[in-house]
Each structure stands twice: as C-alpha cells, then as structure tokens.
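As written, the chain order gives the labels A, B, C and D, with residue 1 at the start of each chain.
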Amino acid sequence: MPTNGDGFGLGWYGSQSFPGIFHDTLPAWNDANLQSLSEQIQSKLFFAHVRASTGTSTSRENCHPFRLGRMLFMHNGLIGGYGSIRRDLEQMIPAEIFQERCGTTDSEAFFLLACGNGLEGDVKEALTRTVEQVLEVMARSGTDEPLRMTAAIADGNRIYALRYSSDNQSPTLFYGTGGAIRVNNRRVEFKDGDKAALVLSEPLDAQIDGWIEIPEGHILEARGGIVDVSPFQL
Amino acid sequence: MPTNGDGFGLGWYGSQSFPGIFHDTLPAWNDANLQSLSEQIQSKLFFAHVRASTGTSTSRENCHPFRLGRMLFMHNGLIGGYGSIRRDLEQMIPAEIFQERCGTTDSEAFFLLACGNGLEGDVKEALTRTVEQVLEVMARSGTDEPLRMTAAIADGNRIYALRYSSDNQSPTLFYGTGGAIRVNNRRVEFKDGDKAALVLSEPLDAQIDGWIEIPEGHILEARGGIVDVSPFQL
Amino acid sequence: MPTNGDGFGLGWYGSQSFPGIFHDTLPAWNDANLQSLSEQIQSKLFFAHVRASTGTSTSRENCHPFRLGRMLFMHNGLIGGYGSIRRDLEQMIPAEIFQERCGTTDSEAFFLLACGNGLEGDVKEALTRTVEQVLEVMARSGTDEPLRMTAAIADGNRIYALRYSSDNQSPTLFYGTGGAIRVNNRRVEFKDGDKAALVLSEPLDAQIDGWIEIPEGHILEARGGIVDVSPFQL
Amino acid sequence: MPTNGDGFGLGWYGSQSFPGIFHDTLPAWNDANLQSLSEQIQSKLFFAHVRASTGTSTSRENCHPFRLGRMLFMHNGLIGGYGSIRRDLEQMIPAEIFQERCGTTDSEAFFLLACGNGLEGDVKEALTRTVEQVLEVMARSGTDEPLRMTAAIADGNRIYALRYSSDNQSPTLFYGTGGAIRVNNRRVEFKDGDKAALVLSEPLDAQIDGWIEIPEGHILEARGGIVDVSPFQL
C-alpha cells in the first residue's frame, strides 16, 4: 500500500459563495498549519485529501481538492496512459475553463473536463459524459491501462461520490451517517439521526457495522445525512 | 529598505479560546493558501506579519506571530548581540514555558521571556520587566548593538503595541481608528466611530491625516477602536 | 522594479552528458541549500536564475532554467496574451517533447517549442522559427501585448543569449569576458584573455567598461570567452 | 515501523575542506532536486539520511546530517525526556559552538556537545564523554525513557558508527565492504577487495551474507573498506 505522503489538501465551505482551499506538499502528518486550521475552521461541508502520486510531481498545484466556482473535486485512481493523452484531454476542455488549469495532473484534467460538461448543473450527467470522453480518448490511444475513478464532488450543499473503473478495480469507497458524527479517542461515534454523512476512501476505524461500502459502478449522493446510492451506468 | 520576503504569518482569534496561527516561508505575495484563508476566515482581532530576517534562518518556526495560550506576539527590530547572548536569554525563560520554544529567533525568546514575566496578566508590566532583563543581559555581554522593540501583543480582546529602543531608532509604528475600516481600491477607508483600530509598522496608504504615528518610548493599548497611547518607561 | 523572489534555479554541466538542475521556491537569498551547493559544485558552464513571476504560480516546476537532454534554457520577459494562447502553443509542441512539460509557464512552453524546432542542432535557426511561430499564434489571438524574449540557451559547450522583442522593449542583456572572471569583495575582476564569459540580464557591479550591452534584436554566441554578437532577424 | 517522511538530508565531501550539506522537508522519494544532485555529485565519502521525527518539528534546520567544520553527524534514536532536559544539554555546549545551533533537535544537541568534547580529534573518546554527560543529565531529571544512539560520524577520511543504548534496544546498524560497491537493479553488488564500505541502519537488500550487523554496545571505524568494530564502553 502506498504512503499518502505526496502532499495534501483541504477544501471547505464557509462564509463565501465559493469554497476555501488549502494545499501543501509536506505530508499531512507533519503540517502545523493544518493542525491550526483544523482547530479553528468550522464548516458544514468539507473535503480532505492525502495524495499518493501516480506520476506527476509533488507541487501545491497538483494537490487535491481542486476548485472551480463553487465546486470541489478530489480523486483516487488514475487515467491510464495519461502521459500520452494529456494533451488530447486538455484540448477538450473549453477555453475559458482551461485558463483555470494550474497543475499537470490527470485528476485536475478530469475535473475541468467535467466542469465543461456541466458539473455545476447535473453532476451525474456531467460525470457520465466525462467518463465516456476519457474512455474514448484512452481507446484511441491504444493504452491497456485502466481508468479508475473513485472521486468526490461537492457543490456546497451536496456531496457526490463516484466509484467506477474500466477494470472493476476501483479504489474503495465507504460512507457512514448519523445525527452527528464525532471522533472520540480514535473511534468514530455516530449518533442516531440523519443530519450528517461521512464519505471516505477507507473506514476510519474498525467498526463493522458503522461503515457501508459503495460497490463498483455506483454513485452516492448525500445531502446532510440523507444518502442515496445508485448505479452509475455509461 | 529590506524586502520582507523571509516568510510570513497570520494569527487570529476565532471560535476557540486560543488563536489560530498560520506560517509559511514563501514570500506572502506568492502564497495561494494565504489568499484563500484571507477570503474565508473572519476574525475580530488578527495579526499579520511579513518577515525580513536579521540573521536567523527562514523556517516556519521562525515566522511571526508567535503564540502561547491565548497570547499572540510579533516583532520588528532586534536584540543586539543576540548570537552571543541567546543562551543566557533562554536560561531565564521558566522551564515549562521553554518547552514551547520552537524556533531560534530573538523575537520568540523575548516573547517567551515576557510570558514568564506575566504577559498574560499585566502586559505593560511584563514588557517593562522583560526589556529590563534583556538590556541587562546585553550590558553584561558588552555588545554595542541596540535593542529595538517595535512589537505587538494581543490577548484576544486587546492589542498592545510597543515602540521602544535603546538607541532611539525603533522601527516605526502607526495606527488608525474608525467605526469601520476597509480597503477599497488600495485606499483605506475609515468610517466615523470608534469600533475598529488598525495598528501597523507603516501606513497602508498615503493619507496624511488617517494615520497617527506612535512616538519612540510609547506603548499603545487598543480595545476595539478605543486607543490609548502612553509613555513606556523603564 | 519587481523583486525576483518567486523562486530560483541553477543548471550546470558536470560529470554527466546532461546538466544538473536545482530549483526552489524560496527567495534565493534565503536558501541554505543554494549556498552549500555553490560552495561545492564546480562547473565550466552554469546558469543561475531568479524569478519574478508574470502570472503563473510559484512552484519548483515553474522555476528556470529548464532542461531537456543536454540543453538548458532560461528567460526574462513574457509571451503576451499567454493565458488565452497557452493551449495553442502547447498543441504545437511535438508529442514526445510535450511529455516533458512539467510546469505551466510561457517560458517552458517556448523552450519545448524550440526543442521541437531543433534547438539541439542549429540554435539560431530554432529560435527564429519559434519566435515566428509564437508571433503568429499571438497575432491570430488578437492580443496587443508584446513578445519579449531575453533568453539564454546552453548545450554544454556554448551559450547563446537572445535579446528580441516585438515592441522593442526587451529586458536588458549584458556580457563581459576575460582570461578569468572572479568576484572579489562584491566587485567583478576580469583578467586579460578570452577563456571566460559572463552573460547577464544586468551588470553585477558598476564598472562602466567591464560590461557590454547587447542591443535589441541581437543574439550572442559564446564559446569559452570568445563571444560573437550578430543581428537576430526574422 | 514509522515512515521516514519527515525530511531528509545529504552530506558529502567534495572539493572543499568542509563537507557540503543539502536538507529538505519533503519526503526524499519526492524530491526532484535530490535526484538531480545524486546524478551529478561525485564524492568519496557521503552521508544520506531520511528522518522520522521523535517530536521536534519538520524543518530543514532539524534535518540530518549536521555539519560543523569538517565533521558530519547523523542519528537514529532519541534522548529520553529531551523536552525537559533540552536546556540543560544546551547549557553544556561551549559558547562558541552553541552559536552554530540552528535547529531544536536532540540529535543536533548531542552532536554539538560531542564537538565540544573534541569530536574532531578523538572521536571515540568524545562520544564516550558525551554519552556519559547525557546519561547524567537524564538521570538527574528522573526520566525513565532511554538514550538510544545509533549514530554515524565522518571527518572526511573516516566513518564512525556507534550503536549504543541505555536499554539495549538501539536501532539496528549494518555494514558491508568490498573492492567496489554498486547498486544494480535494486540489488547491491560487492566486488572483492577492501576499498569501499557501506554503513547502514538497515540492509539495502535481502542478501544474507552481504551485510554484517554491528551488535549493541559497539562502535565501527571505517577507512575506505577497512572496517574495525570494537566494544563501546562507558
């Protein structure tokens, strides 16, 4: 299992119409700024990501989550053969959105493509079209590497989380819900109710019945603690 | 004039009893995290500092403001002959407080000394005693370099700003007050009233009558926009 | 005048067929690694660059000099309207070379384009073709910003330095030659002879007759201390 | 097992009488500068270190190896109860040497203490005295944490490596020797002979007979490939 020490990031919705972002290249476990921000910032919806690079460099610009307008995006996985199709993917991003391209990752390219496909409106539709586009470019290039998209998207009110891969080997995806969720002594406590949801790549603790796995080829939509999981079909 | 490109820092009071801090070693003008935090964080009392090192290294630990408990501290100036008296100064910091020593600067040493002298209680008294202590150690060492303390202290409710030097050449110190203060098109606007104060090492714009200089050997105390300036005497 | 505090870089030819590179995002004046490397590394041909960004972010990937194979490249100036033509420029970089694109700057884009135009062979010809290409894309885009290329290129044996701009306002370019060149007490000493050349954006000291300015629309070629300056014509 | 992702460092002897050093806070596996320097720098004696912090912060100043004059030092392990005895240890460092204190680690404190005890002359004697001093201060403080010193020292010609702990649980220490040593396809190749030695905290590959473990309470001295291991006694 790789060590996720190639930078990290936070995205959160606060007092603005657009989310805040914070990225750094140190391992998250080392960053005193991260600790201080975590103590002070309150948010009803936030993303946190620790990165294990699949090839592109460790810079702040390559750290997740990515932001455009009120949208946040983060990603576990990869676009197979990315090195040789990067430019083709970039070419499909609408010109105005391409100007927001800050880094060089496959993840940011996917996000900007999805924004061009209307991510701020119909998230599921935009993801479907983007996955199709990317698969098409990959097919043309003849790569035999897979597309793996375990990804999370937020618009300030809702969280979407996709688990899809072309080889049925997506990184995992889990969630838990409750009236409130807090961490106490390294154990996650879920109160009864449906006010809060936590969506994660891996469970935070070893509770068997607290965490629900999202199967391959499905997409989650959460609003507060109300979660809906449905098939993701191309 | 030196370029203040040797790191920067923020300290702010938010939802906790203790302030948040954020330090980085890039020049402030370059830091995308700083921009995002500035857009999102709201605070009734905050400190911001850009550093021009007087000798110690550029690390996050050496960036101002420094924090202990609910206190914040930042400093323009220097302790003359610091290299040779550092250890003597450190020796005078109470053991428990010395454990909070993270960096190697003269500024942090002064702050921790002042904390040992009761900074969280009577700020002026603690500053007076600390300046006296430092001057005494400097005198013993025979340095002919000056002590220059243009410094700001906050406890969450009040801001104190000291302008004192042993050679009458302290870095400058200014303030402005109003019912509200905002920056509009690179010009600072002061509304009538006494709700807000801005304390600065240099004026933010060229308005002659908006900014009041604090003379050498004086100390400012501000609560909201009520400002009191009094002599600082040893 | 901008402060060149947005990162720096070294490139040098040592024991390998390709140059070494070293980039960091701290201001050069702060970097203890830079000092140590400068003390230890010996090289017959090296580049050093301090960056003042014209818009793209401060990351190591955006620091000059850039490297491809045995070539080094660094740049003062800008490609006007870059934000809106970045992708068109990238599109013209040959696919294999595009895979070496690490950052997002106009400077790196120009370099990779020039590599695609045969920079490793006929440097002047490649630069001419690349400038023409870029001007053409700029013209199509309708930008009224200029192209300014004060740039240096090395292949391990020779240094080329171009001063060209579409608006006759290129950043400056100077050189000095001698049997040996060394810095003594902040003053540059040139011994008689033609073994060494120093090419610079600005003179290192105030000597009137030590530094020769390269005029607009000219290109320098240096091999050891033998320098040839000729017009650069499209 | 901890991940050694809290910064790294290189120290090497080149063309100067004193070694070069290079430190950074990114994980070593991510650092493009490290790769370029490794390709270019040639040295007959070098140190490399990856850090897993035992408490002090991740800054360049806290990265190993440490340097003073022609000496290099690096360390696996810890000084038990360091937080509460740091200042007592610092107090014992001779004043002139204390001015070289850049960071806040126990490791650097031990090194500077050892320099004060004559490390540049009789290495073994200086280490013995320093271990005794530190144990004494620890005893006075009443800490029940151990002292663990798996450490390496170089003077430009010789490497010394100590494995000592107060609780018989030192981090491991290994070496291998040969006429030449090179890494080929992730396997270390030792040619016959005694020109080269590699001293390591853990074996680089799984060869059973290539690596010799240094037992607890011993110290290694290597000159080229001639290695002597002897008991380290207080």
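FYI, a residue touches a chain if its C-beta (ideal position, glycine included) is under 8 Å from a C-beta of that chain, and two chains touch if they have at least 3 such contacts.
Quick caveat: nothing in here was measured; it's all calculated off a predicted structure.
K.L.:
Touching both chain C and chain D: give me those chains, sorted by label.
P.N.:
Common contact partners of chain C and chain D, which must touch each of the two, are A, B.
K.L.:
Suppose each chain is reduced to the average of its Cα coordinates; what separation in Å results between chain A and chain B?
P.N.:
Chain centres of chain A and chain B, defined by C-alpha means, are spaced 40 Å apart.
K.L.:
Could you say which residues in chain C touch two or more other chains, in rising order?
P.N.:
Answer for chain C, listing residues that touch two or more other chains: 32, 57, 60.
K.L.:
What is the shape of the graph in which nodes denote protein chains and edges denote touching chain pairs (line, ring, star, complete, other)?
P.N.:
Topology of touching chains reads as complete, every chain touching all others.
K.L.:
Please output the residues of chain D touching chain C within their complex, sorted ascending.
P.N.:
Per the touch definition, chain D meets chain C at residues 12, 14-16, 20-24, 32-33, 36-37, 39-42, 60.
K.L.:
Which residues of chain B touch chain D once you look at their complex with the stated criterion?
P.N.:
57, 59-61, 83-84, 86-87, 90-91, 95, 98-99, 101-104
K.L.:
Please name which positions on chain A make contact with chain D in the complex.
P.N.:
Per the stated touch rule, the residues are 3, 5-6, 25-27, 29-30, 32, 53, 57-58.
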